[in-house]
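Below: a set of structures, written as C-alpha cells.
Both complexes below contain chain A, partnered by chain B and then by chain C.
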Partner chain A sequence: MADHAIGHSVPEARPGMRFRLEGLGTAAVVALAWMALIAISAIHRPDFLSHQTILAIAFTMSIVGVLAVGQALVGISGGFLDLSQPTSLILTALAASRLLAAGLDPAFVIVLTLAIGALWGFANALIIVHGKLNPVIVTLATNFIGLAALFLVFQIAEAPIDSGFRAFGRGSFLGLPNIWWPMIALVLVVGFFLPRTRYGRRAIAVGGNRFAAQARGISLRKTRFAIFTASGVCAGIAGLLFAASSGPFTPASGTVYLLPVIAASILAGVSLAGGRGNIWLILLSVGFLSTVPTSLVFFGLSSDWQAIFQGAILIVAVSIDGYREKWVAR
Partner chain B sequence: MKGKSSSPLHALAVVAAATTVLGVGSVTGAGAQDKFKLGMAVGGNPCCEWMKAQGDVARALAEQRGWDYMELSNNDDAATALKNAGIFIQEGVDAVIQFNGQPSANPALAQRFASANIPVVTYDIAQPGFYFVGIDNLAAGLAGGEALGNIIKEKWNCEPDLVISAEGASAGIVNEWRTGGMRDGLKKVCPDIPAEKWVSFESQGQATVGLPAARDLLAAHPDAKRMAVVGLNDGGVLAAINAAEQLGRADEIIGWGQDGAFITGDNVNPHLAGSVFYFLEGYAVYALRDVIDPIAAGNPPPLKDTAGDPASRVQPCPVSAEEAAKVPDMPERVKMLLEAPPGTTEYELFCPSA
Partner chain C sequence: MTDAAAGRPDLPQSIAHHPVRDVVTGPVGSIGITLIVVVAAGLLLIGPRFLSASNITIAGQFVAIPMLIGAFASFALLAGVVDLSIGSMAGVGAAIFGALVLSGWGLAPAIALTLGICLVFGAINALAVVGFHADPIAATLGMLTGLRGATYVIVEAYGQSGSLFAFHEGLFAFTNMLVWSLPLIFLIALAVTALAAIVVGKTRLGRHVRAVGGDPLAAARAGISVPRVRTGALLLSAFGAGLGGILFVGQLGAVSRLLGFGLEFQVYAALMIGGYSILRGGVGSPVGGALGFLAIAGAANILDLSGISPYYVNIIVGGLLLAAVLLDRIRGGDAYE
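This part shows the complex of A and B:
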C-alpha cells in the first residue's frame, strides 16, 4: 500500500523506498549506544533509573528534538544546515512572551508565533533562491544579523510567570513533560509524511541529486522555499516550548542549542550530502545525546564535560556519515 | 595621461571622504579639543540588562556635564577590550570607564592606558593603576548568605537536604567572592550542614543556559526535598529554581541571588526569597562624582586601586522579595536617578535599608 502511495512516477518512487528502508543500521547502533549508556549509569548509580532522571532527559530532548526535525529537513533536501536556528528560536520565543504579556489570547499567540517562524524561514529561502547563494552562508549571516537586531530590541525577556502558558511548560502529562509531547508528535508526523507525500519525496529527491530532480521537473526553488519555511515553523514550535518552559532569556540564549541539534541530526543518519535520513531516528539520537549530560552528572563529572562529549560525538557521527557516503558511492 | 593625472586627486578625495565618514582625526577645532571627552567600555555580555544600562547612565551624566562621550562594547571578549583601548587612545579621550568582564586583559589594558597617560576607572574588579569603583563582592556575598541562612534556620532548623551553588566560573574572582561569600555567610548562621549537602553546578550566570545543568544536578539528588540556592547572580539562582519547577520539586526550594536583576517588576519568581542590589546600572554616578569630575576639573584624586581602599565604594543592599517589591524596576530607576540631584546614588534613592 505504501508503495502504491509513493507517487505516479517511478523516478520519484526510488528515493522514497530507499529512504524508508535505510537507517536500520544507524538505528541499531544509536539504540545500542543509548541502552549501554543507561545500563552503565544505572550500574554505577542505581538511582539513575528514577522518574526524576526521565523527566530531566525528556525536558532536554524536547526543544532539541523539535529543532532537529527542522535541521534534518534542511539536510535531507540538500540545504546542508540551517545555522539561523538560534536566532529564529529566540525571535519566536520573544514574540510569544511579549504577545502573552500584552494579554493576547494564547491560541492567537501560538498561530502568530508559528507564522513568525515561517516568515523567518521564508526570508532565508528568499535570499538563498534569489541570490543563488549557499544556504549555509546565508543562514550563518541571517543568524548574525538577527542576533544583532534582537540585541537592539531587548536584553531580557520572559513569558508571564503566572500564565497558563508557563504552567503548561512546567507541567507533565503521563509522567513526561508537557513540552515533550509536541516534540514526539512532530517527529512522528513529519517522519511519516516525508517519504509518503509528493512534497516530501521531492525534497528527498532534490537532496539526493538536484540536477536529476530538476530534469524530472521538480522545482528546486519551490522545494527550498517549502523546506526553509518548514524549518522556520519548527523553530516557531521550539520557540513556544522554550518560552513556556524556560525562565528569563537573552538574545544569545539560543546559541547553546546549535551543536546538539546538528549532532542529533547527523547522528540520526541525516546525510550532510542530502537525500538521505530518517526523521524517526531523531528520537533515538536526541534521546542518546540528552542522556549523556545527565549521565555525566551521575558519574560526578561537571557539566563542562558535556560540550566535550557532544563535540566528540559530532565528530564520530560526521565520520560515519563520510564513510557511509563513500560506501554508497561504491 | 588624463587618467594618470586625476588619480592622486581622486585618491585624495577618497581619503578625505573616508576620514570624514570614519571620524578619524575629526577633532581639529580648538573648541573640540578643549571639551572633556569620556570613553566608556561597556561589558557587552548578553547575560544582563544592566550592562547596556551602565553605558546609558554614563552617557546621560556626561551629556549633563557638556562632555563628549564615546562608548565601545567589549563584547565580553578580551581581544575586543584590547582593541577598544587602542581606539580610545587614538580618539584622545581624557578618561575611560572600563567595565571589566574580561579581567585577563586588565594588565595589558593598564599598560596601554598608562603609556597614553589616560586615567581609567574600573568597576568591581581591581587592577593596579586603575581607580577602583565598586562593591565589596565578598561583603555582598556574606550578607546574602546570612540572609538566606536566617530563612533556612527559621523554616528548616538549619537542616536542608541540599545547598546548591550556581557558579559562574568565567567571572573568576568575583564568582569566588560572591558565591563563596554566600556559602560562608550561610555557614555563619547554620554551621553544621554536612559537607556532602553542598553541591554546585555551572550556571554561567544565565537562567536558561544553566537550566539543563541544574536539572541534571537535581536528578542526581532525587531524594532532596529542602533545597537552598546561592549563586553568582539572580540568573544563576533562577536556573536551579526553574529546574526544580520542571521536576515538580519547587515546593521546598528557596534561593537568594546577587545583583537584583530579577527581584523587581511584576514577573518575580516566588521561590527567589531575596537578592543583593548593587544597582549596577548606576555605577557611573560614583565614578563621575568621585573620580572623573575632579579629573575634568584638573584636580585628579589620589589613585586608589584596591577593593579594600577604593576610590569610591558602592554599598550592597540586601533585600527580601517583599522589600524588593517596593523598589522600581531598572528602567524606572534609571529615569529617577537621572532626575535626582547630581551625585545622588541609587542606594540612597532606592535601598529599603538605607
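This part shows the complex of A and C:
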C-alpha cells in the first residue's frame, strides 16, 4: 500500500473518463493474452478446441468468478482485500451441506446460507469500522481464527450425494455447467448496477478519495458495512456452488481459491488503491486464469505447474498496475 | 524506538518521549507484559514443568527457525515492503536444497546454490515492488503462489508420495545439537535477533531502513536511496527464508510438499504481535518481534502440554493479532476509515 502514496503530486483530472478508458486498455490486454493462450494450446494440440475443454474452463470459472466479484467490490471501494474468503466459502458450504442433510427445503437452505455469508462479512465490517483497523489485517486475522474454528467443528464434509442440489452441481445447461450460469448472472448484474446506481457510485467514490466522498456527505461506515456484507453474500453464493459441485471437502479446501481470485480482480483492472475497476472485465480475467490449468494439462504438465503460472501472472499484472499508477495515470 | 533518530537533522523527528511510560506502553513493553502473562499462565496451568530445561528445549526447537526467518523478514517490514513470499521461499529453499543433497552435492555448494536461487527470487520481488512500484502485498502474494507451485514440482520430481527424503547426517546433528541444554539453532536465532537489534537501533544502516519505512519521501529528500534500501531489505528477507528452509531440511530430514505452507502468516502474526506493522514501515524492533515469537511458542506449548487441540493456538494468535493492531492504532498508528 505504501508505494501508492509516493508520487501523488498531480491530482487526477477526470476520474470518470479514465475509469472507462483504462478499463478498455485492461480488457484489450487480458483478451489478447487469453486469445494467445488458446491459440498456442490449439496449435500444440488441436484437440484442445473441444466441448470438454469449454466445460472444464467454465467449471473452473464459476466459483472463482463469484468470489472475484466480492473481492473486486472490496477493492473498488478502497477496502484493499478480503483475505477471509477461504473461511467464508467453506463456512457457507458447510452450512449448506449440514442444512440439506437435516432435510430442510432447498430454497430455505439457500436463503439461510446467504444470510450466514452476509453475517460473516458484517462481522468483518464490525471489527474494521469500530476498531478503525485495516481490512487486510482484520480479514487476515478472522481467516486465521475462522479456519482454526472450522477445523475444530469438522474434518471432512459433503452435501448429501442423492440430493437435487448435487444433481444441479453435476448438470449442465445449453452446453455449459449449471454452476456457470449463476456466476455470469452475478457478474452482469453487479457490473451493470455498480456504476449506474447511487449506492454503487458511492462505493466507487469512497474508494477513489474517501475524504472527498465524506465531504459530499457519503457515510464511510455505511459503505464499509455494505461492501463487506456484499462480499460475504458473494462468498455465500460461491459456497452454495462449491457444495453443489465439489465432492467431499475439508476446512482447508477454500485456501486454493484465494490467490486466483485476487489475481482475477487485479487483472480485471481493480486497483488495490481503490476507486478503479470494472466488474464485467472479471469475465475476461477469470476466463483467462481458468484456461491456464486446462492448457497445462494439454502441454503434459501436472496441475502442480498451475500455481507457478498463476503466481507469475499475478506478479506481472501488479507490476503493470504499479507502473501505470506511478507513471501513466497520475 | 525512534529515540535514536532524535537530534539528527537528516531524519524525521519523533515527538518527545516519556522514558518511563514508554517502557510500559511502547511496543516492546506491551509484548513483554504479554509474554509474562503467558509464562504465568504456563506456571499456573502446567506447573514448574513448564520452565523445565526439557520443555524449553522442545519449545525452542519449535520456534527457532520461524524466529530466524522473522529476524530477516522484519527488515522488509521496517522498510515498508512486506514480503509475503517467505513461507513458500522457505519451502522452495528446502526443496532445492533437498534435491541437491539427493543428487550428491556437497553441503557447502548445495547451501550456496540454494541461497543464490532464493536471492534471485528476492530480486524478482524487488524488481516488481521497487522497480515497477507494484503493491508489495499483491506482488509477493504472487511470488508466494509461484514458489509453492515450484516446491510441488521439485518434490514431485525428486521425492515419493509428496515427500522428499533428504537426510544429511552432519546438518541433522547441527540442527539438533544442544548447547547448555538449549537447542543450538534457538541460540543462533537469539544471536541473530540481538545482531538485528543492534543494526536497527545503533547503526546508520538501521536508521536509514527505519527512515525509509517511516516516511519514504522525507528519507529520499534526506538523500537516502529508498529503492536501494528496499531492494536490500527484500533480498535479506529472501536470504533468511532460504536459510530457514535449509535448516528445516536438517531438522526434519525430509521436505514435505507443504513445508512452509502458511508459515508467512505465523511469522507476521508473531512480528505484528511484537510491534511491527505489515502496512506501515518504520515501526517495531527485533527484540519485540522475538518476544512475539516466544509468547506464541509459550501459548502453543501450554495447549500442547494440556492436550488441547493445536487449532486453538491459531484462534489465540488471531485474537492477539487483532489486539496488537488495535493497540498499535491507539498508540498512533494509521486509523483506517
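The rule we apply is simple: the second predicted complex is superposed on the first by the 304 of 330 C-alpha atoms of A that agree within 3 Å, B and C clash if a C-alpha of one lies under 4 Å from a C-alpha of the other, contacts with A are read in each partner's own complex, and residues count from 1 in each chain.
Note that a contact is a pair of C-beta atoms (placed from the backbone, for glycine too) under 8 Å apart; a residue touches a chain by one contact, two chains touch by 3 or more.
Note that this is a predicted model, so its numbers are computed, not measured.
**Q** If chain A is used to align the two complexes, do chain B and chain C fit next to each other or clash?
**A** Clash.
**Q** When the two structures are overlaid on chain A, which partner does A:E158 contact: first (chain B), second (chain C), both, or neither?
**A** Touch status of A:E158: first partner only.
**Q** So, A:V136: does it touch chain B (first), chain C (second), both, or neither?
**A** second
**Q** With both complexes overlaid on chain A, does A:A312 touch chain B (first), chain C (second), both or neither?
**A** Only chain C; A:A312 stays clear of chain B.
**Q** So, does A:L259 touch the first partner chain B, the second partner chain C, both, or neither?
**A** Only chain C; A:L259 stays clear of chain B.
**Q** For A:S302 in the superposed arrangement: first (chain B), second (chain C), both or neither?
**A** Both partners.
**Q** With the two structures laid over each other on chain A, which partner does A:F249 touch: chain B (first), chain C (second), both, or neither?
**A** In the superposition, A:F249 contacts chain B only.
**Q** Should A:R216 be classified as contacting the first partner (chain B), the second (chain C), both, or neither?
**A** Neither partner.
**Q** Applying the touch criterion given at the start, work out whether A:H44 contacts chain B, chain C, both or neither, answering first, second, both or neither.
**A** neither
**Q** With both structures placed on chain A, which of the two partners, chain B or chain C, ends up touching more residues of chain A?
**A** Looking at chain B versus chain C, the one contacting more residues of chain A is C.
**Q** Which residues form the common part of the chain A surface touched by chain B and by chain C?
**A** Overlap of chain B and chain C footprints on chain A: residues 151, 302, 304, 306.
**Q** For chain B, which residues count as touching chain A in their complex?
**A** Those residues of chain B that touch chain A are 46-49, 51-52, 201-202, 206-209, 211-213, 215-220, 222-223, 235, 238-239, 241-242, 245-248, 261-262, 267-269.
**Q** Taking the touch rule as given, give the residues of chain A at its contact with chain C in the complex, in rising order.
**A** Its residues touching chain C are 1-7, 80-81, 127-128, 131-138, 140-142, 144-145, 147-149, 151-152, 210, 220, 259, 262-263, 266, 272-273, 302, 304-315, 317-323, 325-326.
**Q** Any idea which chain C residues touch chain A in the complex?
**A** 80-81, 124, 127-129, 131-139, 141-150, 152-153, 156, 213, 216-217, 265, 269, 272, 278-281, 309, 311-315, 317-319, 321-322, 325-326, 329, 334-337
**Q** Give every residue of chain A touching chain B within the complex, in rising order.
**A** Answer in residue numbers: 45, 47, 50-53, 55-56, 59-60, 151, 155-156, 158, 160-161, 170, 172, 177, 242, 245-253, 256, 293-294, 296-298, 302-304, 306.
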